[in-house]
Amino acid sequence: MTQGFDYVIIGNSAGSMGCIEMLRSIDRSGTIALVAEETCRVYSRALIPYYLAGQIDLEKMYYRKADFYEKLNVAALLGQKAVDIDTGKKEVLLSGGERIGYNKLLLATGGRPLIPPMEGLDKENIFTFLNMDDVLKIEKALKSAQRAVVLGGGVIGLMAAEALCKKGLQAHVVELAGRVLAPVVDEPVSSLLEALFAEKGVQVTTNNTIKEIKGGSAVDGVVLTDGTQISCDMLVLAMGVAPRIELGVQAGLKIDRGILVNERMETSQADLYACGDCAQGYDSVAGISKVIPLWPNAYLGGRIAGANMAGGRRENVWSTNMNSMHFFDLCLITAGLNVSAKDPGDFVNISRLDMQKKYYRKFTLREGRIAGFILAGKISRAGIFVNLMRTKADVSQFADDLFNEDFGYGSIPENLRWELLEKDLILGVVNQ
Amino acid sequence: MYSYLLPEFTIERKTDRCIKCRVCERQCPFGGHKYDPDFDAMSSFEEVCVGCQRCAVFCPTGALCVQPHHSQYKPNYNWTREKFQDLKKQAETGGIILTGSGNDKPYKVYWDHLVLNASQVTNPSIDPLREPMELRTFLGKKNDTLEIELNKEGFEIKNELNPNKMIELPVVFSAMSYGAISYQAFKSLAMAAKEVGTLFNTGEGGLPLEMRGEYGGNAVVQCASGRFGVDSEYLNCASIVEIKIGQGAKPGIGGHLPGEKVSLNVARNRMIPEGTDAISPAPQHDIYSIEDLSMLIYALKEATNYTKPISVKIAAVHHVAAIASGIVRAGADIVAIDGIRGGTGSAPKIIRDNIGIPIELALAAVDKRLRDEGIRNKCSVIAAGGFRCSGDILKAIALGADAVYIGTAALVAMGCTLCQKCYTGKCAWGICTQDPYLSKRLNPEIVSIKLVNLLRSWEREIKEMLGGMGINAIESIRGNRDHLRGVGLEGWELDVLGVKGAGE
Amino acid sequence: MTGYERKSSERYLPDQGREACGLFGVMNTSGKMFPGNIAISAIKNIKVRGNGLGGGFAVYGLYPDYKDFYALHIMFEDKRRDVKTTVENFLTENFIVTYDEQIPTNPHVNIFHPPLVWRYFVTPEKKGDERNISDDEFVVDKVMHINTSIEDAYVFSSGKNMGVFKGVGFPEEIADYFMLDKMYEGYIWTVHSRFPTNTPGWWGGAHPFSILDWTVVHNGEISSYGTNRRFLEMFGYYCTLYTDTEVMAYAVDYLMRRQGYPIEVASKIFAPPMWDVINRMDEKEKHLNTTLRMVYGPLLLNGPFTVIVARHNEMFGITDRIRLRPITAGAKDDMVYLSSEEAAIRTVAPDLDFAWTPHGGNPVVVRMNSTDHLLSMENSI
Amino acid sequence: MGKILIKPEVCIGCHLCEIWCVVAHSRTKDILKAFLLEKPAALSRVIVEESLPVTFALQCRHCSEPECVFACISGALYKDTVSGRVIHDSEKCVGCYSCVLVCPYGGIIIDQENKKVIKCDLCEGFEKPYCVSHCPNGALVYTNQEEGGGNK
């Protein structure tokens, strides 16, 4: 006898949580099942670097309390992989052979680490940097490791390198691109970061990647494409993630890089929803459909999916790439488009840099409206910029003020300011 | 020119209590405090301090004390510090010294020399907590007689009544124009008047359109020498129309609202261009005689279709009684008399301090004169000029006033500390200013409550005093000088006041 | 050994009243005349309300032979003949004096410092502009003149076919002195037993107060005296007696004679309803009461009082608006009684048809050939 | 739900809200000690925005759709379904500043000292938020009414 659920959710991270919490705020009685490969309760993958660096203990990795599923009356089928979806019968086949029926199904399967082909990947002490499993393994290896190579100079790679550095390892970052964090920041910030990492003793090699992994059973070094050899006793592969789309493929959903969803997080099939790193939606700022593999985006996608699954109607009106990061003492925030200074096209970049104070601000404007920005150093109240971006406010009149460290609503011209704040203030009629 | 003036105030800061929060710096419109990053401490600049006490009240740790400056010239009974400072100021500027608020010179305050009566044994005093105590008052001309007809349904009044405005408490806010005071202050007065069931006076600044519907019924609208803001709707939305001839603080002097206070909205309400000086001439140029006044009174009655009492406000001067009698005979329904202690937003100090007579004497003389002429019931008398408490008010009513105008007392309730710098337009309390940064300091929702509270507390006090006299309606104390006695007054003063000495 | 004698001055003396004045009024609504003993007995019963410093009577219908003449009762203090001459000169200038005589008194009655009391039956003799004013107005004016301008002379009764008798003493002593029980009959008698508190005891200060044929007996203290007095002054009424009763008499004259308002209207002026009561009235009533208070606020009689006012064919009694003083009414056939005490009424009319106490400000109006007085029973307490 | 409404037309820019917010979140709740003794001093959760003559205080709006909660990677921020407050659990906060990035009001404050964020907690435990009860001019109003919309 197949057990049927009103809602079945595959995956156990931000998107699933967003969905469950939304569902339960609307539908207190509908049955929910959650299917997840991992056996542990929901934790925050974004906290992995924090755990590794020893900033938090294991308990704090958990995103919700232990009784979360019970309290929200969710059948948590943990340690079970969903292997197939029968959209006709509306059933999901689990790895244990069990079938569960669904009325509405959410795919929140997330991503898998990207691992480029190279020799020697089968050796020990080679880790990816995505799951709880990964970090527990790395933690074990840390005891004997002294030198680590991190492949990938993106957000995850740099965070891993920072964490390893903090753990006393000598870390070495290898990045294929000409500078670190290239997709989200521009040259000055990359330079800031490279200098910062260098200052902390983390070597960064750019324009390079690993050709070969050396060693016996365990890794003891790598050879880069330019022939440079780096000895190490640990290798962390942090090249980014690719959407996990297998289930979507099996279900016959339309897929590009990720499972294509509309603004209601609906896939090409009725009653099938997708969100998070496995899904591909619309980037409001870029104006294209793309995968936005970010925690907030996943959670919000889950909420919207949940609302629609429960019979409501809610749309994801605005989303784009946004990142908040910090490396050592440097805080970074980026959002929207990262338009290179060399070839801005229709865009206008305005920026201020103070290497000494490690302060940088860049705003990318299109017709006077913010299309993207990068803040380094002073990031307080960054959300106001996002709000300006979201509301497509014309900032040309006060563009200079954007660089003000104390930028706030006081800096925004009267009309626009009240437009942005209106709903939350009592605006008395004052005749002057 | 290097100034030889001594600072008026000293600012003492208890440094062990100062948390450098800079609230004082932000609250002082004169720049009396500043944070000094080099010392990491607050500095004070005493030479600009006007003693308004805003900083002392707002300092969250009570670190500030502002008091008269200790430095003094060699004490001299004749050449006081004030006279010194005025002389030096004039030597430096060559100008007329301006000031604000009311006369602060030690003229005899007759209220402090009059005492009220109370019942003992022969008639019971009344407990206002248990018995009704009525303060309702009518302002306007009373009919000489009523044609009362007895028909099937009972008695019916057949004749037309003179227009009267009913107020629940014989205390009315006196003329303070929007322009002289901030919109917020102006609106606070209107809100409080409405709440309590009394009146506010627009002064000569018009009544903003958006306020007419809601507050017109509680407005006394002024028609003064500049005729600012007067239009038909203005006159007709109001309860009472008042012709302003004079003001106690500056008898014989016009008004001058400097252009910088004439904001767009002030300009709109006064019907003058923004930023231009609003000059009210000393006389009304169409009133050079009592007949002229009568013509204006009747012009206003025509304009309001004889539905509103017309008031004429004068400053109390030497022949006030005769003038008041003429005004009543000219057709006025209300005579408002403003005594020498009446307030102002701006007046030459020499005028404010030296011209006019005390309201107590003026009121007594006017009431007596009108009674002697048998025309006291043909008008109401409103007394103004320095009423400080409900005792003053009840004494005024016993002397013969129908109601009193309060200005300064209301301002104090609103926050005013009588620093007398109204004319600078930088009122730290947001009252006498058009600077939007300062005027918003006055929140009409809060301040109107304070005004209401003030009136309510006076109402309670008046009821207590009335009850003590065994009187339960204000009309029974009006002009009832038997309940007043003089203390420390000379014979002529008792005569003018029409009261006996205490013990008689 | 008892060296001490108990001090009597500290004892409560039943003869010594402590509070306020006694009032009594009686009217025969058929107009039948009756002698003074009813009023005298009644007021004697409430002796405690007087203190011997004043008493007086008003009698209506006592001069049928001179009913068309103003009967001026004038007292001359210290029996001053010179003043009498002055007054008589004044009278002959302004009136035709048809008859005059000393009011007969009983020489055997021992009484305090009596003035010379004379009565004149007169007709106005108006000259010049005076011809435009009514006789009544003329008489008031002349009475005011004598009372304010001629020292030691005081006109205490000025109506037609009615008279006031009063003086310093208990009312029964005054009655004895003027031989009221023997010499006069009337169809209305009002009487007052006085306990003056605010004014010295003198003959003119006793009640009733009168102007023309209006008489007022009053118990209480009008706290609004100053307001009332100063309002009436505007209309030519000058109060000379330093007593609030006088003001009431003039107010009654002003409102009822000059303005012509009925008692029911006048009583709304003297003792108006509270504003909160007026607020609840229907529009017409509200308008009436509001207007009366607006226009005649200065005549509101504030403070504790009971008053019995009489004129020809009419007598009414009323208390202040919050009934700080008592009044009781009683009726038996065509006799109607008003008094500050029911006991006084019961003394002279033990088996009443009705006895009632009206609300404050609600008048008991007794009219000739009418039962209007019973209307006040409706809302009585 | 509890919420602080702000009335710019009567905000006088005195910054007393900030001062008293610091006191409310100090250890001693004593203004002198909070500023003169406590090291490090507590931080204000309210910011006075100034563009003279306009001034107004801004703090966490306790949104019905709180972006900060959605963005929080550690579960430190959550919306209390009963009180409607957006609550920040400092114990769980790792200082990733995702909330700073998404809060459209700039209402989340960075605590540099502790490398975490802080925000308005509506002065839990007090009858009214300190900034409201100490605003000298009624420019901050605490409402506790049910608001429309919600999470539907």
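We just call them A, B, C and D in the order they show up, numbering each chain from 1.
As a working rule, a contact is a pair of C-beta atoms (placed from the backbone, for glycine too) under 8 Å apart; a residue touches a chain by one contact, two chains touch by 3 or more.
Predicted model only: the values in this text are computed from it and were never measured.
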item	value
Pair of chains joined by more contacts [C-beta pairs], A-D or B-D	A-D
Per-chain CA centroid nearest to the all-protein CA mean	B
Separation of subunit B from subunit D, taking each centre as the mean of its C-alpha atoms, in whole Å	43
Inter-chain centre distance, subunit C versus subunit D - centres from mean C-alpha coordinates, in Å	79
Chain centre separation in whole Å, for subunit C relative to subunit A (CA means)	104
Euclidean distance of C-alpha centroids - subunit A vs subunit D, Å	27
Residues of subunit A touching at least two other chains	429-430
Where subunit B touches two or more other chains, by residue	436, 440
Junction residues of subunit D - those touching two or more other chains	9-10, 55
Complex contact set, residues of subunit B against subunit C	119, 121-124, 126, 131-132, 134, 136, 138, 142-143, 145-146, 148, 150, 153-157, 161, 164, 166, 371, 374-377, 398, 469-473, 475-483
Complex contacts: residues of subunit B adjacent to subunit D	17, 19-23, 26-27, 58, 60-61, 430, 435-437, 440-441, 443, 445-446
Subunit B-facing residues of subunit C, complex	20, 197-198, 220-221, 223-227, 229-231, 233-235, 259, 261-262, 264-265, 272, 274-276, 284-285, 287-288, 290-295, 297-298, 300, 302-304, 321-322, 324
Touching residues (chain side subunit D, partner subunit B) in the complex	9-16, 19-20, 31-32, 35-36, 52-53, 55, 134, 136-139
Subunit D partner contacts - residues on subunit A that touch it in the complex	18, 22, 25-26, 44, 46-47, 50, 55-56, 60, 62-64, 295-296, 299-300, 303, 312, 322-324, 326, 331, 333, 335, 379-384, 386-387, 390, 408-412, 414, 417, 420-421, 424-430
